[in-house]
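In what follows, chain A forms one complex with chain B and a second complex with chain C.
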Partner chain A sequence: MGYVFDYSWIGEYSGVLLKGLWLTVWLILVGATFGVALGIFCAWVRALGPKWARPIVGAYVELIRNTPFLIQLFFIFFGLPSLGVQMGETQAALLAMIINLGAYGCEIVRAGIQATTKGQFEAGWSLGLSRIETFRHVVLIPALQRIWPALSSQIVIVMLGSAVVSQIAAEDISYAADFIQSRTFRAFETYIVATLIYLALAILLRQLLKGVGWVLFPKRSAAR
Partner chain B sequence: MSLIEITEVRKSFGDNEVLKGIDLNVEPGEVIAIIGKSGSGKSTLLRCINGLETINAGSIQVAGAQLATDELHLKALRLKVGMIFQGFNLFPHKTAGQNVMLSQMVVKKTPKPQAEEMAKKMLDRVGLGHKFDAYPDQLSGGQQQRVAIARALAMQPVALLCDEITSALDPELVQEVLAVVKELASEGMTLLMVTHEMRFARDVCSRVVFMHLGRVHEIGPPGEVFGNPKTPELRQFLGQTH
Partner chain C sequence: MPFLTRRAVVAAFAALAAVMVGAPHSARAELADITTRGTLRVAVPQDFPPFGSVGLDMTPQGYDIDVAKLIAEKLGVKIELTPVTSANRIPFLQTNKVDLVISSLGKNPDREKVIDFSTAYAPFFNGVFAPDNVAVTKVEDLSGKTVGVTRGSVEDLELTKIIPADATVKRYDNNNGTISAFLSGQVQVVATGNVVAAAIIEKNPPKKPLLKFLIKNSPCFVGMNKDQPNLKAKVDEIIAAAKADGTMNAIAQKWLKTDLPKDL
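Here is the complex of A and B:
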């Protein structure tokens, strides 16, 4: 093979790459925070919330889980303006990620909630805690602990999936890579660099989530 | 007026009527043992008293708090009666101390230092002051149950409901829990306990309630109920357990 690798462009385009990296990091940090919050709220509704609200959340979850992320993104960015809802590409990307993670997170967290024994609820209630208080103080943390590995994986999947936001010109890592390779014609090297950045980011994100779990859940308590 | 007044209480699960009109009044400081075969309704009765089950007819009131289905009434009732479960039900993500502090802080809005002080006092009372920072899975079954008792006591209830609290324990751990209950009884705490510990019932309780097919079949001081059972059902039940 006579291919000669050429990375001489990196210096010139490092600013573009860093800018892309920053957007991807920002999207996943903010998106995961709100996405998980949305997921927890939806899981509460589906498992314990008012009966009339359950089918509504169910419909949202099934709609998102059975359509491609790219279409959801296009719907928000290209579709919503027809209804008068305008937003920039970054906001649209963030919103799509929150809505997507909210739906998958809902089902994951719900599994954790539903594995809670009846006795835990009854112990909370008989101490005088209301239903909401029992959920917040008694049920939620052990439920999250049970499903934390699955939820962490889903967050990483959303981070990797965020590569498609370059399709609406949100300037993330993938957008930067497209831009660089179209200027330098060094597609192979560019995507090797992009791959390594995503890889490093995913590994770091997993470690970060492990750390969050470390803080959130006591070390010695076995999930029951 | 009695501390706990249970009047004509009926409870069905579907077509199955589990409680068929229960009347029971409990005076302050009484220790009541509820005995009977499984399926006789004794646990259900206990669970009705703090609103874990809804009732179909009749009324229950504890120290002026009436059983109703809305959260406000339920909270008022549950502040009067504590409940201890067969399966301990400690919160696994909280230490023994935090287990005892939680409801004080959330329900009564007690500031943390006071809640902590109360938790220490209550854990000391059940002999577990040194386990304040231990998580439930670091404790034996007997210790977990004693923490559960401390947790209920910290809310300063006027009565405690004990639902077969030693049934899930290894035989050698039963005594340490019963010793705590005995101590509470001697301090004047009102106790209603569903139990299979007949000797304990005989030694500690002021009255014994024998339930059969959803009714209070026989009731009286332990000497009478155990020494001179009037109905064949009670005789048969006691014959089986002795």
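Here is the complex of A and C:
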């Protein structure tokens, strides 16, 4: 092993890395917010929504969960322009992440909703709450609390999976790493740095989601 | 091993030494040798379309093969094609397995020390390409525009040095990504090789990548062994005549889908 490690490039390329870090953070924060919202909406439709809408949401969920994220991304970025839908790589990356997380989130949240006993709905209605109010206060919050760890994991998976958006030249952490590697030819050093950044980001994201859990479910979190 | 006497060993080494010293010396094929032999032996690429590849009928085809055939025809001899890779094309010439290397060979000082070159016969360059309606003629015009390029390629490295700060460079993983980004309109301008641009044009897209300016020019030359003035003069003469009468331009149109550059 005559390999000499060389990290002297970090100074020169720290701007590229920071820019990449910022895009990944932005993508996951915005993507997770809208993705989870979409997931909750779809879960509501599938579990309790109008009968005619259920197969449509079901088809969307099956389509997204049974195709690779990379292909979905390429379809949005390279394919849709043929139909006149043109968007930049950042928008395409964000949209792909929202659509992807929406489908997975839907199934996770639905599991939580369906675990709610019928008696709980009836209790809500008997208190004079409307269907929406019952869903919001009596069903959704306990359901989310039940599945919060699973949903958190899914969000972290989407964040890590977002590495492929570099394939459409969205300038995230992976793009920065590939870029630096193509200039310095220091593959080991570049990718170990990228790995550490992703690792730190994933740990921070989990802590953040745990914190969100505490805020969303204050009374019950002591039980966990 | 009774038959392996000392004398036999000495003889074997002597023979080996004679081959090592003598071969490149004695066997240089000057023009007269080729015409008396009646065949021209040419090293051509087999894995580098459109310059040289193997067709569906398993015969070599491409720009370089057409040029090789043209030269053999003008010399009035038969052609013998030897497929080579970019790494072994010069050794094939130096060990006299072939008379000429027509294998999209670029000229550089290191190579000029060991072999001779004809005049250029084919364009090979990296440049900035865009459709007709995009007004770009020099690197400064890229200001404010988005350029697609394949990450880590020569054109990426060269363009990054000279491009204006307010131009955006989108770097894709491979040529395919760069081509897709151009065809789907994600980038208006691409920096790539003329061969890649030709491959796009061949697909007949609504937007054709036309050359706006050169980044790095490294045309192709015919390589041959040194000290063969007659052969070199004859090859140069054939290339010059082919350029003048449009034969070479027809080959360029056939394989690269563009006219030969005027300054080639």
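Going forward, the second predicted complex is superposed on the first by the 218 of 224 C-alpha atoms of A that agree within 3 Å, B and C clash if a C-alpha of one lies under 4 Å from a C-alpha of the other, contacts with A are read in each partner's own complex, and residues count from 1 in each chain.
By our rule, a contact is a pair of C-beta atoms (placed from the backbone, for glycine too) under 8 Å apart; a residue touches a chain by one contact, two chains touch by 3 or more.
Only a predicted model underlies this, so the values are computations on that prediction, with no experimental measurement involved.
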Touching partner for A:F217 - first (chain B), second (chain C), both, neither: first
Which superposed partner A:F78 touches (first chain B, second chain C, both, neither): second
Partner chain in contact with A:R65 - chain B first, chain C second, else both or neither: neither
Which of chain B and chain C A:S126 touches, first, second, both or neither: first
Partner chain(s) touched by A:H137 [first = chain B, second = chain C, both, neither]: first
First (chain B), second (chain C), both or neither touched by A:Q145: first
Where chain A meets both chain C and chain B, residue numbers: none
Residue numbers on chain C that touch chain A, as the complex places them: 148, 151-152, 156-157, 170-173, 177, 180-181, 184-186
Complex contact set, residues of chain A against chain C: 77-79, 81-82, 86, 88-89, 166-169, 175, 178-179, 181-183
In the complex, chain A residues that touch chain B: 117, 119-120, 122-123, 125-131, 133, 137-138, 141-142, 145, 217-218, 220-224
Chain B to chain A touching residues, read off their complex: 50-52, 71, 74-75, 78-79, 81-83, 85, 87, 89-95, 102-103, 106-108, 135-138, 148, 151-152, 155
